[in-house]
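Starting off with a structure, shown below.
In this document, chain identifiers A, B and C correspond to the written order of the chains, with residue numbering beginning at 1 in each.
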Amino acid sequence: MASTLPTHRTLSMIQRYWELLYVLVSRNIKVRYRGSLVGIYWSLLNPLIMTGLYTAIFGATFAEYFNNSIVDYVLAAFTGLVVIHFFNGSTSQALLSVVENGVLLNKIRLPMSIFPMSMVGANVFQFCVGMLPLLLIVTWLKSHSLISLLALFLPLISLVWVCMGIGFLLSGLYVFYRDLGYFYELVRFILGISSPVFYPAEIVPEAVAKFLILNPLIPIIESIRQISLSGNLPELSLIGKSLISSLIIWFLGWSCFRWWQEQYMDLL
Amino acid sequence: MQEVIRLEKVKLWRRTQEEFSYDLKKTVLSIAAGKYRQPAKKLVLNNVDLVVEKGEKVGIIGANGSGKSTILKVICGILKPSSGKVRVRGEIAPLIELGAGFDPNLSVIDNIILYGVMLGFSRWEMKQRVGLILEFAELEDYALVPVKGLSSGMVARLGFAIATDVQPDILILDEVFSVGDERFKQKCQYRMQQLWDEKTTVLLVSHDLDYVKEACEVLIWLEKGEVRMVGGTDEIIDLYLISSQTKKSTIK
Amino acid sequence: MKNKLKYPTEIVIKPPSKSLNLDLKEIYRFRYLIGNLVWRDIRVQFNAMYLGVIWATVRPLLMVTIFAVFRNWSGASLHVPIPYSVYVYSGLILWFYFTEATTATSKALEKNASLITKIYFPRVINLIVPAIASLYGLGVAMFPLFCMMVWQGVYPGWRIFLLPFVLLQCMLLVNGVGTLFAALSLESKDFDKLLNQILYIGLYVSPVFFAPGLIPEKGRLIYFLNPIAGTLLAFRSVLFNDFPFPLWQFIYSIIATIVLLVIGLIIYQRVEAFIADKL
């Protein structure tokens, strides 16, 4: 016997988006961590291990830039790695998201943009469960200020916007060009190397520094480091820079995605 | 009688499969060499005019590749027409390949909620309906089993149960009855009976001409993306069979 | 046309045995399947050929440059007896081969799940294919190496004839570690991630960017517990005349390889019985 509940789908667009997002993100997380004991904490382990490695290799050499404190180096490397790790994870998963769900899109009517968004969303969830608490603890210990804790969310939001924008761009391009993965791996590598993660920003020569403006992650990393590690009040200029650049990227990525959207169905 | 679906001069162009150059490297090189061509397109639907009224049971028949599934996709909103207008009034329950949205690694309950949300319901609503759906599909014991452990017949029952659990205004069926055992077919018929009586509009695509004869009043005959004829079930079927026969005799 | 794949007139399907039981005859019978699967994998890489080439060479080259720059800047001595760039590059390409092939092997069962659950063939073949197919990437990356060797004036000696043996040992190590983790991954996804981490750390712990001379005497014993350390050094030695051959380390690598292979296969066999349920 059929149900006697309301027959009309009364959800507004926003509600529908939210429901879809929730369901897709939870599907993602469940499938990823099903049958895994350590589960979500793997996403925390990798940056911690990498921090350890970098410290072991580069710590001595660069310590002088960090008030000769290895601990400061460790923290700086860690915050940088957190950002890079999140970025790499979300964008490379978003890249595949539309094509992976191509079969589904051919059978049910769904807003395509939900797929890259859900990939970023899954990574946000992972981040909140894993690294965010650590980051908040470090910030508190260093600054003892509630304002800093709250301000920390601003560059983090910028990071999410950057990832979404690039995620949209990549997922759309991937529909047309299936070898995009290789190129993007190269781009990711360059972005990672050009960000001052295991080395301090000061040693970058002038000539190269001009190009660094193309790397949207740098203002975010700098802002997070300033808020969580310096012990001073959050610097608005850094926050502003990261917010503005991330908004621009989000807008560009979103526009491209929408502009190409009609052509996707023929290729999925 | 109220109009529920209207297609006006709908044309649809789609990129042809052979031209797919999924290759960034090739594209960049050919642009640089000045040899870039726009990808070729094929006319998949040509000037389709269609009107379906509320409560009508309409069948769509035609040879493979004539555009039957494409028309359904256009009506469902999965594909947008290149020109022309598509107007649909009411909520659609699309049964295009049962269980397309299922994730084999998730449990049956999770998939019910997932599928339901994709069809447009909220999680809360789906949670309320899980019991009824499992009952209809006779899968109560399998509630927590991952879908990859179900047989294809069970998956079909589940998909059908979810999509038809709520009275839709328009039911769209694309060759869904080829899967499933006798029991399943009977259950489908039972529920279809209920929906039939409730003045649901039904759009059916099938190669099973006997079933189409029984179920539909009106038939649309599609050929190569165009509406060749629209009319009463019996006459269209006869004409369709005759035309298939003549085609057969030219194959030697 | 002569039928190449001769099926035996009788195939016996028994419950799996607990001890190590590798039916080599059967694997040999399916050798054409192995060839086909390897070719399939290579073709996938071949289709992205330019990119496969670019990636297989650019990545190690970039890393070489970065580390060379860092070394110059920090003035550290890494105890490398031959030109640094050649040393690092050769180590990197072998390391990337190892990583790629081992990861592919550990995922081979999942990747071919549809084949495994539907057709009969010795499943262990899936675990052999990636080690062979990834040689393509290694081969491609060797060309820049030859150029570098000529440019820097570093040449191989008679030991070049040992190259196939070193590669064979590397492949068997890939098979061993890959099989072990493939079997373990069927139980829990944690092992997938664990392998990832181990490989990641391995890059910095193995003699890729530096030579063993950097490690203090006391730590050296632990350092050489790493089975691929011997392989990496031996690889350099067969390619470059001036690089000494690490006899004991290589012998250790061979022994470690055999041990890992046996353990991997035994665990795999235990798990194999339920493979269709896990996939």
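Quick note on the criterion: contacts are C-beta pairs under 8 Å (C-beta built on N, C-alpha and C of every residue); 3 or more make two chains touch, one makes a residue touch a chain.
Since the model is a prediction, treat every value here as computed from it, not as a measurement.
Of all chains present, the one whose mean CA position sits nearest the global mean of protein CA atoms is A. Taking each chain's centre as the mean of its C-alpha atoms, the one that lies farthest from the centre of chain A is B. Each chain gets a centre from the mean of its Cα atoms; for chain B and chain C, those two points are 48 Å apart. Remark: chain A and chain B have CA centroids separated by 38 Å (rounded to whole angstrom).
Separation between the centroids of chain A and chain C, computed from CA atoms only, is 32 Å. Looking at chain A, one finds that residues 34, 179, 183 touch two or more other chains.
In chain C, the residues touching two or more other chains are 51.
Residues of chain B found to touch two or more other chains are 25.
Those residues of chain B that touch chain A in the shared complex are 14-15, 20, 22-25, 27, 73, 76-80, 91, 94, 96-97, 100-101, 103, 105-106, 110, 113-114, 117-123, 125, 128-129, 132, 136, 164-168, 191, 194. Contact residues of chain A toward chain B in the complex are 1-3, 5-9, 11, 15-16, 19-20, 22-24, 26-27, 30-31, 34, 103-110, 176-180, 183, 262-263, 265-267.
Contact residues of chain A toward chain C in the complex are 32-38, 42, 45-46, 49-50, 53, 56-58, 61, 179, 182-183, 185-186, 189, 193.
Taken in their complex, chain C has these residues touching chain A: 48, 51-52, 54-55, 58-59, 62, 66, 70, 74, 76, 187-190, 193, 196-197, 200-201, 204.
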